[in-house]
Structures are given as structure tokens and as C-alpha cells.
């Protein structure tokens, strides 16, 4: 086991770049003289896709931050699983751009394809988080002193929920209507944001108590 | 409360990328053989917009740097507010590109739209700074030992001033003339740069005195 | 000899950006209404090239991480060799994009050129790693306490193997068939990933023993 | 005076991004089936411009690294001067792209313009380094213990030499022939690389002696 400092620095770099690259898809519209305002309004869907993906990457960073606080170091296997997580993070701008493109130029079929792609990508991205929590559960030496077995098991449930619900969201978006899939994705991102907070609040409470006793 | 190291690293990454991405809008002009010089001169407005936004992001980094020096750690809420601040930083290249585009290809109406967009974005970006200072004021445990309640309250006034004055700048740019809005934006950036310095000088003085006593 | 902290931070930044920039080549296809799905499927080769290069850069990072753990500091010469290594890392997106382009739009001749370029670049990239290990071998003061002369000598063999085998892969891809070259590149990346792990496992074993005794 | 850690991290981020962004100008040529090789060879000047700028940014990083090792902390003024230095670093991809463009598509007039722009930018970039060394000389408290007044004064001469010689290079490239300017730029970059090393060797020697006594 070696220090996780460089792992954190490398991961922070990737998160920072991904969250910033999203802005590159906010293109200045081509416009005829005097019609810049219309052009900007026509790009509305891009702005929506940008905002959703920014919050998504931000939530993933909060979760990643919370995980690394709970481990004491890294191993080659842990670093490799982390790379798989980053793979999922790095590709987010792509389904985002596809979604923005479908919202702007596509018909309902295209929107369905784009929503399913987004949900499918989000579903697959949950898998390495599951592997990570399972790995930490089976290697107790990696865990920081304040974290117990039970907390890791609870965490392990979250990516499984993500895998299933994002997948279901994609299926709904495909079979029923893209809008439903879009709403599902937004709900899931909020869920991940909220539970990451919940977990941490739990930990604080424990720490505070440990402090008092 | 946990260590703010990764928060700083992630934020530094975002600032570094944004300030560097600005250069991507300095495109090499297409030119006919022998007319590169004319082409470059025609891109003048892009260079102006680039320089203003570089200084803007630089000033924001100096301010962010000053804030993180004054706190002892982070909480999930603090991290989330920080993400909202970074959201504002990340989008700067977009109104910058719109402004450059309007300066190069637009008429007065387009320029008005671009200036108002820039001022509006800058005004909204002030809001999470306000929330941040209010949060630090209400959670004294977060403050570093050298910082007192009064200093935070003074800081809280700055983003409110920004919110109002950037907004006013947008209104002036809309009602009177875009040029006035443009000047207003530049004045505001200088104001933020100067007061960030002022604050820190104040703190040094305190520290030096604390050192002597 | 000075602390290698900034060297690691700078290198991590470069690795993080390169691995993230790869996604920029996953372009949203232009599509006629209702044909987004077909457009996405047509971009298949790009996705393959992206995945291979992501794993490649990830493996290089794991190797770089393993090297810096084994040294105690840096010298200007060490920093310069590191820059040469980063040069190799930074250019990876280029042969990747050429490969994706040849897979999508080229005939067998173009694919041959692209595979040879990829293998040639990978072969050349091995050279500064060789120089690095030779430098560390000749400057024992740089080595961390846990690393002995023998371990460095073993490491030195790996980039030489890479230089020769990537080169051979390029020759095979040229003389026989591009597909063979493509397979060779993938095999080599897996080899580098596996041996980086192997080396580190060896080190753990030593440390664990050292711990016990 | 506050810790220079975040200043270093932010600067490293900017250097890492700039050095990596250079690769974005290595575009895959558009090609007819079977003509990829010809297309790639036609991009030769881009590769040259890329290599020169990579080495340039690398040398600047080595110099920046050497400066921050010699100071104990930062002040708002020092941070602001550092931002001016980074401004110079960030714009390097632009004259690089102009140069590549002129080499590929321009005539002698265009090349002259591009070389003068490159030399002019390099000349201006030297100015904030001069200001930085002068600032450190006048604020001895900032200096690390191992650095004396004389060493800083010697350093101060280097950016002045750069300012004058890069400027002269531009003038020669304009009046005589662009090729001379191009050679001058390459020579200057090598000079900066070599002297950055020389300075540090000097310091090591001092430290080693200090160690012995």
C-alpha cells in the first residue's frame, strides 16, 4: 500500500479538465448581423445539457472526494479500478454533446437514441464504483480508522442502485418517451448528490461522537 | 470538517484550465498568400476580449486563493458552494467568445446583446461568493485562527456590490451604449482585483501585529 | 537533488490532460434527422481507438507513478529526461486520431501508414524511459531506501523490450498486414500494464518481508 | 507572506495544459483514399513548430521550477507578477499556430510576419521575469535561506538579455530573412534551457558546501 496523494492529484486533474471541457460545447452561434440574440436563444438545449453534465461531474467529484477520504492509501489494483472510474468520467462530454445535438437538430427518434446513450453510459459508469467498494470491503487494511465494515457495505449498495436505475431510465426513455428518460437522468444525478451528502453527514456524526467519548 | 487540500487542488485545476482555454479562441485567421498581417490585425477584438478575460480569471483566482487561506477545512456544503463558484468560472470563456464574435462580426445590436450577456454572467457569478461568505460567517469553526467575525462581514459586502454593479453595468450597456457596458465591466474587474489586494494587506498587518505582541 | 513534488504534480497534470483530451476526438457525427443512431455506429473505429489510447495513457501513468515512488528527489537532468517522457505522452492523441481517421475513411494503404506511425511513436516513446532508468542506476543517491541496484537493472530491460517490440510490430504491420500491427500494439500495451503490476508486487513482497524482520 | 504551495500548483496546472494543448494543432490531414502518407508529410512544418514550442514551454517550466525553489512564500504582488508570467506562457500556442500556418500556406511575407510575431511575443514574455527577479531582490524576506543577494542579481540579467535578443531576432527576421529569425528563436530557447541548468548547478554546489561545513 502506498500513499494516495498522487492518485488524488491525478484524479482531481481529470475531474477538473472534464468539468471545464464541457464549456467547449457552448459554441458561439453563427449569426447574421443583428441576429446574435436569436442565435443565442436557439442554443438553449446546449445550455441545458451543459448545466446537467456540470452538476453530474460535480456530484461525481464529491463522491470521489468522499471515497478517498475513507482510504489510507492505494494499491496497483485500487489505482486500476480508479482508472476505470475515470474512464467513465472522461467520456461524459461525449453523450452530453450527442444529447445537445439531438435536442437542437434531431427528431424524436434521435432524441430517444441520445437519451438512451446517456442513460446507458451512466449505468455502465456505476460498475467500477461497485468494484471499488467491494475491493475496499475485502481489504480492510486500506480503510481509514474512522470507517467500519458496515459503512462500506452500505456504500456498495449505491452503485448497484445506480446501475439498475440508470439502465431502467434508458429503457423507459426508449419504450415510452425520451422526456421521461431525461427526467430520470436528472433525478438520478440528484439522488447521487443527496446520498453522497447523507453518507458524509453520517460520518461526521460518528466522528463528533467519537470525539466526545 | 475535512482538510481543504483536495478542494484547493481541484479548484486550482479548474482555474488553470479555464485561463488556458481562453487562448483557444485566438484562432489563426484564414488568409490568402501574403495577407497574414492583415488577417492578424482583423482579429484585434479577439485579443482584447482574451486579455480582459485572462485578467478576470486571474483576479478570481487571487480572490479564491485569499478565501481558502482563511478557512481551516471544508464541509460538503462548503464544497458544493465552491462548485457553484467554479460553475461561474468555467463559463467565462463562453461570454468572452460571444463578445469577441460580436466585436468582429456584429452590429451595435449584437454588441449590446454580448455586453449584456457578459455583465449578466458576471453579476450571477457574484451570488455564490456571497453565499460562501455568509456560510463562513455562520460557521465560525471553519475560520482560521487569524480571521475574525468582522473581517468576514466586510468580505460579504464585496460580492453584493459585484452583483448590483455588474447588473447595473448590463442595464447601462443595454439602455445607453454597449461601450459604456464594456467600460463598466473592465472597471469592475479592476475593483475586484484591487479590493482582493486590500483585504490581504489588512490581514498581513494584523498578523504582523499579532507576531509582535 | 530537490524534492520531486512539483515534478509529480506537473507530470500528473500532463497525464490527466492527455487522457481527457482523447475524448475530444469522439466527435458527434453530423446526421440527417432521424439518422443519429446510424451516424453513431459509423463512428465505431473512433471509439475503439479512444479506448486503446485511454488504456495506454493509463498504463503509462501507472508506470510513471511506480518510478517516482522509487526515487527520493529530482535533479535538472532527471527533470529534463522526464520532459522527454512527457513529450511521448503528449503526442499520443495525434497517432490515435490518425488511426481513427484511417480506420474510418482510409483504404488498406492508409491503415498501414497509420499503424506504422502508431507503432513507431510507441517505439520512440520507450527511449527516454530507458535513459531514465540508466540515469537512476548511475545515481544511487536518487533511489529510495527500499530500492536496490538489481531492481533498477531489471526495470531498465523493459523499455528496451518496448523499443524493439513496438518497432517490430510496426515492421510486421507494414510488411504483412495492418491488422497484425494493430494486434501487436494492443498486446504490447497489455504487456506494459502487466509488468508494471508485476514489478510493484515484487516490491510489496520485499517491503512486507522487511516489515516482518 | 503566505505559503507558495497553491501558487505552484496553479502554475504547474497552467504549464501542463499549455504544453499539452500544443498537440491540438497537430491536426490529422484531410486525405483522399490511399494518400494519408502524403497528407502527413505535408504537415511537416506543424510538427517542427510543435517540437520547438514543446521544448520552449518545457524550458520555461524548468526556469519557473527553479525560481519557486528559491523563494519561501508568496505575496499578492508576487502572485500578480506570476500571473503576468503565466500570461506569456498561455499565449505561446497562438504564435506557434500562426508560425505553423505560415510555414504551410504562406509566402515569404507571411513567414516574416509569423517569425516577427513569435520573436516579439517571446521578447515581451521576458519582461515579467525581470520584474519578478527585481521584486525578489528588493524583498529579501521572500528569499530562501540558501539564496543570497548576488545570485538574484545574476538572475535578473537573464530576462533582460532575453528581452533584447528576442527583440533583435525579430528585427533580423524582418529585415534580413525569416529563416534567420527562426534560427535566432531556437538558439534563444537553447540559451534559456542551458542557463537555467547552469544556475541550478551553481546552487547545488553551494548547498553541498554548506552541508559540509
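Note that the chains take the letters A, B, C and D in the order they are written out, and that residue 1 is the start of every chain.
The rule is simple: a residue touches a chain if its C-beta (ideal position, glycine included) is under 8 Å from a C-beta of that chain, and two chains touch if they have at least 3 such contacts.
Computed from a prediction, not measured in an experiment: that's the story for all the values here.
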Equivalent interface positions on chain A and chain B, same or different at half: different
From chain B, the most remote chain by mean C-alpha position: C
Rigid-body rotation angle, chain D and chain B, from Cα fit (steps of 5°): 90
Centroid spacing, where centroids are CA-atom means, of chain C and chain D in whole angstrom: 26
Intercentroid distance (Cα basis), chain D paired with chain A, Å: 37
Multi-chain contact residues (two or more partners), chain C: 9, 12-13, 16-17, 21, 24
Complex interface listing, chain A residues touching chain B: 8-9, 12-13, 15-17, 19-24, 26, 28, 31, 33-37, 40, 54, 58, 61-62, 65, 68-69, 196-197, 200-201
Footprint of chain A on chain B - complex, ascending: 2, 6-7, 9-14, 16-18, 21, 24, 76, 79-80, 83, 86-87, 90-91, 93-94, 97-98, 101-102, 105-107, 109-110, 113-114, 117
